[in-house]
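Shared between the two complexes below is subunit A, which has subunit B as its partner in the first and subunit C in the second.
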Partner chain A sequence: MIIKLKLLLAIIIPCIILSVLSGCFDAREIDDLAYPMAIGLDKGDDNLLKITLQLAVPVAIAGGGGEEAPGGGGGTSTIVTIEAPAIYSGINMANTFISKQINLSHAKVIVFSEELAKEGIGKYISAIARGREFRPSMFVMVAKGSAEEYIRAVEPALEANPAKYYEMKLRAFDYTGFTTDATFTRFYHNIKSTAAQSYAILASVSKFDSSKDIDNDESTYLEKGRDIPFEGDFKAGSMPKVGDIKSEVMGLAVFDGDKMVGELDGGKTTSHLMVMGGFNYAFITIPDPIKEGFYVLINTSQRRNPEVEVSMVNNSPHISVKVLLEGDILSIQSGINYEDVDKLKVLEDGAEEFFKEEISHYLTKIIEEYGVDICGFGNNMKRNFLTWREWENFNWLNKFKNSTFDVEVDLKIRRPGLMMRTMPVPDSKGDED
Partner chain B sequence: MVDFIKTVKDFFAFKEPKEIEQFVLKEDENEKPKPEEKSDKKQKPKQKESFISKLTSNNHQKEKEKEDKAEDEKSVGISKDINENLEHIKKVYNIPDNGDLVIREFEIVAKDKSLNAFIILFDGMSDSTIINSSILQPLMLLSNVEVKGKENDLALYIRNHLIPHNQVKMVEKISDIIDEVNFGGSGLFIDGIDKAYACDTKGWLQRSVDRPNTEIVIRGPQEAFTEGMRVNTSLIRKTLKDKNLIVENFKIGKRSQTPCSLLYLKDIANESLVDEARRRLENINVDFIFDSGELEQFLEDSTFLPAPQILATERPDRTSNLITQGKLAVLMHGSPFALIMPITNSDLLHSPEDAYVRFPFSNLFRVVRIIAVLLSLLLPGFYIAITNYHHEMIPTDLLIAIEAAREAVPFPSVMEILMMEFAFELIREAGVRIPGPIGPTLGIIGALILGQAAVAANIVSPILIIVVAVTGIGSFAVPNFALAFSFRILRFVYIILAALAGFLGITLGIFVHGIMLVSAKSFGVPFMAPFGPRTSDGIADQFLRSPIWNQEKRPDYLNVKNQKKQPEISRKWTQKEKKK
Partner chain C sequence: MENKIIFGRAEAISVLIIIMTTQLFISFPRLMAESGGNAGWLLTIYVTLLSLFFFMIISKLYKPFEGKDILDIGEYVAGNTGRILVGVIILITYVFIISIVLREFSDGLKILAFEKSPVSFIMIFFLIGMILAAYYGLEPLTRYSAIIVPIIAAAFLFIIIGVVPNFDTNNIIPILGKGPSELFLKGATKISVYSGLSILFLIPPFLGNYNNFKKTGYYSIILSSIFLTGGSLVYSLAIPYPATTEFVLPIYTLARFIDLGRFFKRIESVFLLAWATSAYIYLSIVLFFIVYVYKKAFKLKYHSPLIMPFSILIFTFALLPESMMAALELESNIFRVFAWIVTFCMPLFLLTIASIIKKKKRVKK
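And now, the complex of A and B:
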């Protein structure tokens, strides 16, 4: 009997303790919470920070209640901007006028303004890393101009859900190569690392209003020595495009410590991905190796992880990178039969030369101009040291700017697409040739 | 106050737990050195005696006396005087009041003597044709024919020559006759003999062998047990044609005297296990017992464990299969379910069909079933936990869908789910009780109220309907009804735990549930074997199913006499090819 009583008590007491001491106290129904999808941080006009929250409106997204036609765009999210001294105090203020409690667990992006990023964002980053509501997988972006403007410009056209919009758009580098997976974990890790530096996705609002205004003033094609800008020779904001979708992401913001020091365009971001081994596939324009003024388009993908070696040569680091790529031919504008075995080699060599040049541009830029190791070459360097202290004393981040490098690219064309052979287009004039 | 403090002190202070004598299925005798085995065997009867003597000494003295008296009455011998016997029978059966007892008086001629005789039987219980043609006719008509019998003893002479019926017992006690008559037999008394004849003339109407109702398979035999025990034993003998199949008879119920049988394979089943089952069956003290469900409750180890510790099956093929593994089966008259013991958790998750379909199919079944178990047990709790505590786990799109769906629902999600689960239980219970002709009405009401109206009226959110529906379907996919029942109960516990503390609560629940299951025993076999105490072939044979030619051993935890089921190579034809 006593045993039974004990057993009963042993079951009941934990239940009571659980329910009385802890039970339910932090239980929140989903519909009692408001979920910001994007958080924007600007430098405040009068206060330290200007916080912009883009809150999802579930009823509008789900199309329930029949209030508004689905896909209405603006109705699916509501945007608020508050000036406050810090992120949490801003959220506290927002809670007073937003009917539901703000929960940050589904925030997809955090956008810093360029101005703030150049001042240094370490204090905000550590606050975010400490808060347990933040998702480590959210993307870190730097908006040229103001973060608030960028978030207000985000108008999902194809989907009702802004969260999905961010997820899809920021994962698009898998098939464009123009941004990277600058997630918060990676960003924070690189900020604290002694072997790598951080980078964030560059975002902006389109600067052209109509197609007549389009110009290539801000394109980087001239410094790369090209006649015309290629698809990657732009940064966010200056893409030659107009349309309903005003917001743009392209390129990277490069950080030295917690301060932004420079920008990379889309093409350099592709090179960054190739060197890091994160490049999936993308359509890439390559100048025709034989006929000038014509282009070959190759669906390029990374065949194998790049081989990166870092060593000390003449007291300065030397980085050697070997990138292994493969490609499918998408288009041959010149009509030269590159599918032919002999000519294939010409095309491959041309493409290798092109990529080698691209990657060299990128490495020159980060080493000589910015002097920040956003690729994490330091991790390859680390293995040359026996103790942590030695490594710390070596001060890699400082030495990186003296690095030299050599690049090797190995590209194999695998498939010619659905055409086996390129034949010239016959017309009435060319019959005799 | 002092008492209270003492209880609290007792609760927290460590005390060595009292040793409770419990049956444990020990390692096979073959695996142990012989002297030990002997001592084991010697000890066991002692334990038994002490156990029984304790039981009886606990009883009040008066009851014991009463019992003795009843015993005396039962052991009344048969008198030579037929009238005395008749009087006695009439007294026992309260003749003027009792309407369906037939007493037929007649005369027979045996050894040139005319003797008075009477036969008693219950109308409707006995087969009149058999009694007429095999008992009455030969006695009354053929007794005149000269029979060359050498016997001097009249009783023996009558048995050997005058009653051509196939099952006749000569008995000396009236109680034996009464038992036989109560069970559809007939009793024949003849003047001048102090013995009577108990003839088995059972002939009541009973259901014929039918298709199984609760354990339906697509591939496999389509027979089920019926209410008649002998029909059931014959069904087993029919499938299990083995000379070592023992059918031991028991009678349970002091007054009902319900016949039961214990079935096992003599050269396979562990002896101590058989002894234990016999001991439990013999020591059930109850007046009446009607169904094996009651018997199960008398036999099982723990009443309060939600999971069943004895498997009830209505399939002769499954019973036979489990008997060949070295388990025991108990059949009971009046119940179309056989009780299998000992069982483990995985037995409850198996269906007889697993063995009949091909290897890939049965593995799919098993995986689906495990998922069904997890769903039916944990899904509602899981839903509550993530929607109340762990929002970051939900994909954002789903989160927004749930949020939009819940927007107009006035109740917290715990209330919502409890309401829906209760409504579902209601439909289930009503579905079983509802008379056949109005059955479809229930379906319509249930579907409309639960599926549509509740959502339309914003009482519950549509996502919750999916949760409840999947849970319900999951619980129907559990092959054992009793196990599904235990999950139905525990599901509510998990819902409450999840509502109290999210995943922490569910973890606590799984922890306590796991401890209960691992410590449980079914006839001395750990309930979670082969996973709880790890024995060989756990994953391959119990969780999943290995190919049939690879199932070489009987379950290790049963400690059977013959571990091997089939040789290493059971498909000899694969071997032949090589030799050539």
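And now, the complex of A and C:
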């Protein structure tokens, strides 16, 4: 028995030592791989795909981004663009001139050019869904103009790590409300859904080089009936700003199936989040309900999930949305004491009316202009069906464009900030502003 | 020798849970979605009720045959021919499914972790474990199962909890999925998901008394159904139909969704551990029962010399499907469609005849 045990140990121990202490013959160390942080897809010549990869430079990241990486993209990343028939063939080609093997498992964002998105991106999306290396939490973007231009314009000013930059920038909708959680999973599920349609984050490169060039020509404030543009009345690329950071994300690209059919500005994206129940908080400007030309700023957040009901009225869908918000006062330009309990109701009513209009603009846009259900109202309608066949035959996505809607907003102002009232500012003339 | 081993109900239930729920880690949620649409979980509940019903009848018929396994019943009905015939049918079924499962797990592991390794190389690692386990026999396997089932259950629960943020109750609406006829008529053949129950009809000699046999059967079906229904429901809640029919490894796909802040990512490695462990135990148990059935069917003295030949056969059969897709299709279109005949019909048939013979004998006496 002891001899048998010794024999067994004599076999097992060398096996363990050999397998544990030696490396695998085909092992790939982290150091041997190149990690793209962003992947851009543009339409190339001759039906080819132009693939842009923003590769992290780990040495520069570790050193705080001091060294300039070759190929542009700031110190901590390098950018390559290649033309190939498909994503994987492009990566294969890139592997021939990049010293390390490309690994996509740290890609944070995939950027489609507007042109490609309008033609349809289904074939690329299914390749990504099939690939093990792509993460489901990766964000999907559509770049107005070229995806390559956008990626080349991404120069993290405050971040040494480009991965962290993308993670933080694309989660900023939590406190801006101007983009949304357009992860690959959500995008993929929506393009496959019979009750909802997809959307992606809208990105672009700033069109202004100097502050003198700034204009509001592409702002959406006029179509909303406003005299001046508010902060949400812009789409990526037209934000009135200049600076070192050229890249912009604001608004949504709206899809019908796998084809992009339209764009939403930042304000409509906020409304989208409110209707979907995904709005966290943001500073929102509303017109002063009493004094024209003045504004009140409210730190607005979603109180509860919205109440959505979808029914058929005269053979057309009717959507009822009730959005429940709350807010804290950040600024009252007019100095009117809305903090006063009697006047608070006036401010609340004014804010409710403002948000109602905003949401109505948004719903009109997606229903009448684009005819795409990016809110997933179909999911509410689905509850009226017992079997999948009945639901499919109902053809919700086709019926959606005939929908009517009504919106209700209930907003409660909770806190006044650090001031209980605004006292007038006296001057030498005796005026009090 | 083996027949002297008596193990507890907990061990037997653990073995059966492993045998019946390992499919959850391969293609089970997808197969349910293919058959029931977004009501795949409802289909799972339905086939659970069906299998409980069939098991109730079988267990009632089993009462006069305490301590006898299905081979003994075959012998009781038709002598040596009956025993050998039953043994061969079980052998064919088990060799078929173990080869396919070995191939699926090895191919799955190749997709998930070892993309550069040849599939035969991965299979060899499973085979080494299976062979060792089969040499050591049933007792260590059952004890190990009893230890590992709670660990796998915890890993599975961890995945479910992590996927909760992706849940959308709208995904399981319309509630009847593909409709009553698809669910309750065509879906009835999906009772084959409980084909692992056939192991229960081989272990009565190890279980001691009839009461143990009955309780083991009920508990294992009910506990397995919790895992299977839970897995199917979670899959349907997290991914909308018809996208649920697209993924090769549904639970792995779910595990990839887990993204808890910037620090808890890539949790699928937990899945990989649970997945490989349950595969190893499943394959080991089935290999053991293959050699056990062969030994008993042909009245051989030892089972150990059979382990290597059967392992080589299984390895060879596992390499026969040209692709993973072919292996998956063999499982879904053949095994999961017809396995219920071996699991439920054969025992029902044999036990009915055996009961009649027993009654006749009693009358004669």
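Following the convention adopted for this analysis, the second predicted complex is superposed on the first by the 391 of 433 C-alpha atoms of A that agree within 3 Å, B and C clash if a C-alpha of one lies under 4 Å from a C-alpha of the other, contacts with A are read in each partner's own complex, and residues count from 1 in each chain.
The working rule: a contact is a pair of C-beta atoms (placed from the backbone, for glycine too) under 8 Å apart; a residue touches a chain by one contact, two chains touch by 3 or more.
These numbers come from a predicted model, not from an experiment.
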item	value
Partner chain in contact with A:Pro14 - subunit B first, subunit C second, else both or neither	first
Which superposed partner A:Asn314 touches (first subunit B, second subunit C, both, neither)	neither
Touching partner for A:Asn398 - first (subunit B), second (subunit C), both, neither	neither
Partner chain(s) touched by A:Ser99 [first = subunit B, second = subunit C, both, neither]	neither
Contacts of A:Arg135 with subunit B and subunit C, given as first, second, both or neither	both
First (subunit B), second (subunit C), both or neither touched by A:Ala195	second
Subunit B versus subunit C as contact partner of A:Glu29, first or second or both or neither	first
Partner chain(s) touched by A:Glu167 [first = subunit B, second = subunit C, both, neither]	both
Between subunit B and subunit C, more extensive residue contact with subunit A	B
Partner chain(s) touched by A:Ile61 [first = subunit B, second = subunit C, both, neither]	first
Shared subunit A surface residues [contacts with subunit B and with subunit C]	26, 135, 167
Residue ranges of subunit B touching subunit A (in the complex, touch as defined)	10-11, 17-18, 387-389, 391-392, 394, 396-397, 399-409, 412-413, 497, 499-502, 505, 508, 512
Residue ranges of subunit A touching subunit B (in the complex, touch as defined)	2-3, 6, 9, 11, 14-15, 18-19, 22-24, 26-31, 33, 35, 37, 56, 58-59, 61-62, 64-65, 103, 105-106, 108, 133, 135, 161, 163-164, 167
Complex contacts: residues of subunit A adjacent to subunit C	26, 129, 132, 135-137, 167, 185, 188-189, 192-193, 195, 376, 379-380, 382-383, 385-391
List of subunit C residues in touch with subunit A within their complex	37-38, 111-112, 115-117, 166, 168, 170, 173-180, 239-243, 246, 256-257, 259, 262, 265
